[in-house]
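Each of the next two complexes has chain A plus one other chain: chain B in the first, chain C in the second.
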Partner chain A sequence: MIYFQVLANGLVLGGLYACIAVGFSLVWGVLNVINILHGTFIVLGSYIALFSYNLLGIHPFVSVVTAGAALYLIGHAVQSTLVNRVIAAPVLMTLTLTFGLDLLLNNLMLVAFKADYRKLVLENPLGQLEIGPVFMPLDRVAAMGLALLLTFLLYRLLRDSRIGRAIVAVRMDREAASLMGVDVSRINAVTFGLGAMMAGAAGSLLSIVYPISPLNSGMFLGKAFVICVLGGLGSVPGAIVGGLALGIIESFGAIWFGPEHAVTISFALLILILIFRPAGLIGKRGFE
Partner chain B sequence: MIGSMKFSRRFVVALGGAAAIGLATGGVATAQDVIKIGAPLPLTGPLSPEGVKQQQGYDLWAEAANAKGGIKVGGKTYKVQLVYADYASNTPRAVQTAERLITEDKVNFLFSPFGSGAAKAASTVSEKYAIPTVAATASSEQVYDQGYKYLFGTFTPNQTLTEPLADLVTAKDKNVKRVAILARNDLFPLAIGQEMEKSAKSRNLEVVMFEKYAIGTMDHASAITQMRAAKPDWIFATGYINDLILIRKQMKDLGVKAPVVTMIAGPAYQEFIDASGPLAENISSAAWWHPAVRYKGEDVFGTTEAFNKAWADKYKSEPDYAQASAAAAGAVLQLAIEKAGTLDGAKVRDALAAMDAVTFYGRIKFGPTGQVTSLAPPVFQIQGGKPMVIMPAEIKQAEFKFGVN
Partner chain C sequence: MKPWLWLVVFVAACALVPVFGNNYALRLATIMCLYAGLALSWNFIGGMAGYPSFAAAAFFGLGAYVSAVLQSKGLPIGVTWAAAGLGATVFAALIGMAILHLKGHYFAIASLAVVEVLREVVNTAEDLTGGGMGMNIPLPGMPVDVQARLFFFAMLTMTVLLLAVTIVVSRSKLGFGLRCISQNEDAADILGIDTTFYKVAAFCLSAFGVAVIGAIYASWVQYIEPPDVFDILYSVKPLVMVLLGGLGTIFGPVIGAVIYLALEELVWRNFLTVHAAVLGGLIVALVLFLPNGIGAVIRDRTKRAAVRS
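What follows is the complex of A and B.
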């Protein structure tokens, strides 16, 4: 009986994980930039939601839009002014740049917001849904639903819009896209902005689930990394499959081997995936 | 040789000049009139909330001591100078930092880095250089049982928290039989989880679950699902503030209720209460100190009320146990230096070892290992959004309440 609950836990957690990873995956897959800033962007989204709720009474589900928009602007600016200068350099160079920017932004947040853990306490929480022996925390379920909806919208954007096709084209072959008249550096900036937007939206949704502190950025980044490798880079379905897989594996791993081994199990699995399916569970084909 | 001759001649001239000015101005403070105390702290990184608390405590003590002229040593008065160094929540770096403070900054005394793990690691260095060291936030006995002579701690051992809690709960309700423990896999949180297991077993309570979770765990749903299946009467969760906020939230999410829920260490901090909101209600805990205790001390702060007031004036908040313990570490060191009447490390060390004094923080007498043994940590419970003292009886503010929903 306990397994139904564990499966439910894993699915809900996995949905949140997918939402953490999708923007990171997009930027890595399209730009070949490992964006170390991603975790800090998520935390910034959480702070936007926290302050919007505490000062203006705006529900975090609404802040998803403003946090996403704000982070899009920040992401776009960071790419077009800084990262674009080294975009053609080896991956280590862009990694170092985003790492440095992350130190800067994260420490600015430490100064501005302090390291204290805060929590967005909803006045009217959604409560729990009991289905027989299974408890579903509705705020997590709603956050997961919205996260999946946003992810789906991103997927449609990539598939159906002109800009989306251009992003996909750049991902597949940068030179060829450039020869076809795609403004590659603009597409880079839009893609980086979209990645940051997804991080901001995720942060806003996660604000009702996790305590908020600049110190959490490393944890979010670590999860995003694992999910991308699990699911495959640069693909929206890959992020969803990777997120759900990680959530379910961690949940069952914790039950069978004890919670102290949950992380060990997910990394052991990561190594196996890298050996046997280096392109991830879905692989590169997932998103065209 | 020539260089040093030159130097000393210039030095003599300078000295003469200084003496002339000194006569006119009534004496100039020289470097010898300062006592330097090194404090390696995690001012950045995951432990920075804790590091800042300790720094606040040291700062308040140094200000209080200097406001009264300084520390009296023999016939002279010395100003307190704190030398801070950030080790970015990285324990190996805490050890290097402690060594650098001793060898390069030439500190006379040391305050340990945060927590049991780092305090233990750094104690090796202060022992090597024979620098008397006071640990303000290390409670685990494994820190003090190394046979070191220069390390002293202001937190009593872990079982002094779990024993009164177990006494209280079992005395109030004989039906509390099943205990579930969820502990962070880290030196202090795991050690206190194990003490709870001992305290429970010695009272014939059944430990129906004992699980550990890894540092940095972001989801406790599986452990809490297991907990629900074990049907405990008493849930005992250990970790730091972030872990405990998340565990409490997920207990609610998964419909876990119990007559007694104890969490260590976090509920004593205002941040926990703010972050958990109504979910903090009836959570019990224990800490080494509480602003409601009342002592008449012979230290620089005097009474507990005076300390609370000095704290509120400076920081506009109530002090918690970690902040108070840091201030107490300074106050205790000051008493020992004044008693020894010298800055000699070995003599101050002996004065610390022989100390039996009442301070604003409580009675301070160090056991043979250097850990304080003379304090009875208060048990408290969050009621109406405030930590209310339940035990000891002399300072009780409220009755213990059952039921955490």
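What follows is the complex of A and C.
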């Protein structure tokens, strides 16, 4: 019976993981840029939620909007002023650039917010959800629901809106999109902004689950990597599948092998999947 | 003959440090050799073959731990260093055959994951490695200043060896093949270059150098723990140094290491709390303004001067 509880934990975690990874996957898929800043963007979103709650009493679920908007602006600015300059350079260059930016931003956050782990404690938790043998705090379930809703909204945006279609077009063929009149460098900036927005929103939701510290950025980045490889790159359904898969694998791995091996398992899995199924578990290269 | 001449000049300059310099200079020179060795090692796979490897930290930590464990079993220090190098070479050959068929970002991530897995494995293998407690490595029982010199000369020897190998490789068929791979792997394959073998060879060379340097480092600092020797910065720093000096060149990595160390010392001294931020800013500036390294700027200048006159 414990397995139902473990599975439920994994699913809730997985929904949040999907939201962590979808922005990272979008940037990687469309721009061919590995955004090392992603983890730090997530932590920044958590801090926005923390300060909004502690100083202004705004619930983290509401801060999703402000954190998302703030991070969109930062992401848009970073891409249009810095990353766009070297977007055509080899992989190593863009990776190194975002690594440098991450060192910079993460260090500034350490100075501004200190390395202490802080916890956002909700004064009026929503209580417990109880289905048969499974117990789950309602706040977490709601956070997962919101995370999946946001991910779904991004999916609709990419499918239905004019800007979304332009992003998908750039993803498919940069030159052809440019010839069709798409302003590629603007689309790049919007895409990077959307990736950062999802990171900020995810960070805001995660603030009620994880302790908050700039030191966590590496952990979130690592998870985003694993999920992208699990689910396949640049597709929203891939990120959801990868996120849920990682959540479930981590939960069961912690039960069977002990929590200290959770990281080893997920990274070993990552290497194995890269060797045997480089296109991800779903197996097709997604464009949406 | 010119590269060999520069090699002799480099060795002579370094060998003078223990004669004239104080302990601080000696320590700095040891770190310089360490950095230059890491950069030269990374250059085989990252610079010549053009594969963005982040596995250096894995080999560094592996070398450090192999040497430390063997030393704690009572083996002589030199033997443990050699064992560290050989062990890492075999490990790199196995891992390389598995992940070197990946390209671009995928390869970068797979190599990054190797670091994470090894760190966690060492962290949990407490019986052998002490886990998160780290390992104290017994002193060889000699005065501190003699030790400092010994480790400096060990680092210097390794760096010179790597520099010599770089010169030989870049003039051999292997170097030619690697440059072909970095320009167009499919074309190289069609031309009859055994790309898998060449890539694995470059990866192994890189692993050997990094692991021996890691082993010497472990003996030098006498205490290691997983987050220290499997620090991802050991993967990133060589990359930055090689970018600074010039990808795939012979002396670029050494020049890059010297410049990087100078910057790092200045930054550490003057901006202790924000040194990572300043370092990050430098990396950003480097990518945006000097994408081909400082060497390229100097070469361009001399060329332009030659054209003018």
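The rule we apply is simple: the second predicted complex is superposed on the first by the 282 of 288 C-alpha atoms of A that agree within 3 Å, B and C clash if a C-alpha of one lies under 4 Å from a C-alpha of the other, contacts with A are read in each partner's own complex, and residues count from 1 in each chain.
We adopt the following convention: a residue touches a chain if its C-beta (ideal position, glycine included) is under 8 Å from a C-beta of that chain, and two chains touch if they have at least 3 such contacts.
None of the values given here were measured: they were computed from a predicted structure.
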Inset, instruction - Using the touch definition from the top, say if A:99 reaches chain B (first), chain C (second), both or neither. - result: second
Inset, instruction - Could you tell me if A:19 is touching chain B, chain C, both of them or neither one (first, second, both, neither)? - result: neither
Inset, instruction - Report for A:230: first if it touches chain B alone, second if chain C alone, otherwise both or neither. - result: neither
Inset, instruction - Kindly classify A:244 by the partners it touches after superposition: chain B alone (first), chain C alone (second), both, or neither? - result: neither
Inset, instruction - For A:107, decide between first (touching chain B), second (touching chain C), both and neither. - result: both
Inset, instruction - Using the touch definition from the top, say if A:82 reaches chain B (first), chain C (second), both or neither. - result: second
Inset, instruction - Once the structures are superposed on A, label A:260 by its partner contacts, choosing first (chain B), second (chain C), both or neither. - result: both
Inset, instruction - State whether A:31 touches chain B only (first), chain C only (second), both chains, or neither. - result: neither
Inset, instruction - Across the two complexes, find the residues of chain A that touch chain B and also touch chain C. - result: 107, 110, 260-261, 263-264
Legend entry - Of all residues in chain C, those that touch chain A in their complex: 46, 50, 52, 98-99, 102, 104-106, 108-110, 112-114, 116-117, 120-121, 123-124, 236, 239-240, 243, 273-277, 279-284, 286-288, 291
Inset, instruction - Going by the contact rule at the top, pick out the chain A residues touching chain B in the complex. - result: 2, 5-6, 9, 12-13, 107, 110, 114-119, 121, 128, 130, 135, 137, 139-140, 209-211, 213, 215-216, 219, 223, 247, 250-255, 258-264
Inset, instruction - Mind listing the chain A positions that touch chain C in their complex? - result: 28, 32, 34, 82, 85-86, 89-93, 95-97, 99-108, 110-111, 222, 225, 229, 260-261, 263-264, 267-268, 270-271, 274-275, 278
Inset, instruction - Enumerate the contact residues on chain B facing chain A in the complex. - result: 44-46, 48-49, 52, 182, 185, 211-214, 216-223, 225-226, 228-229, 241-242, 245-246, 249-250, 252-255, 271, 274-278
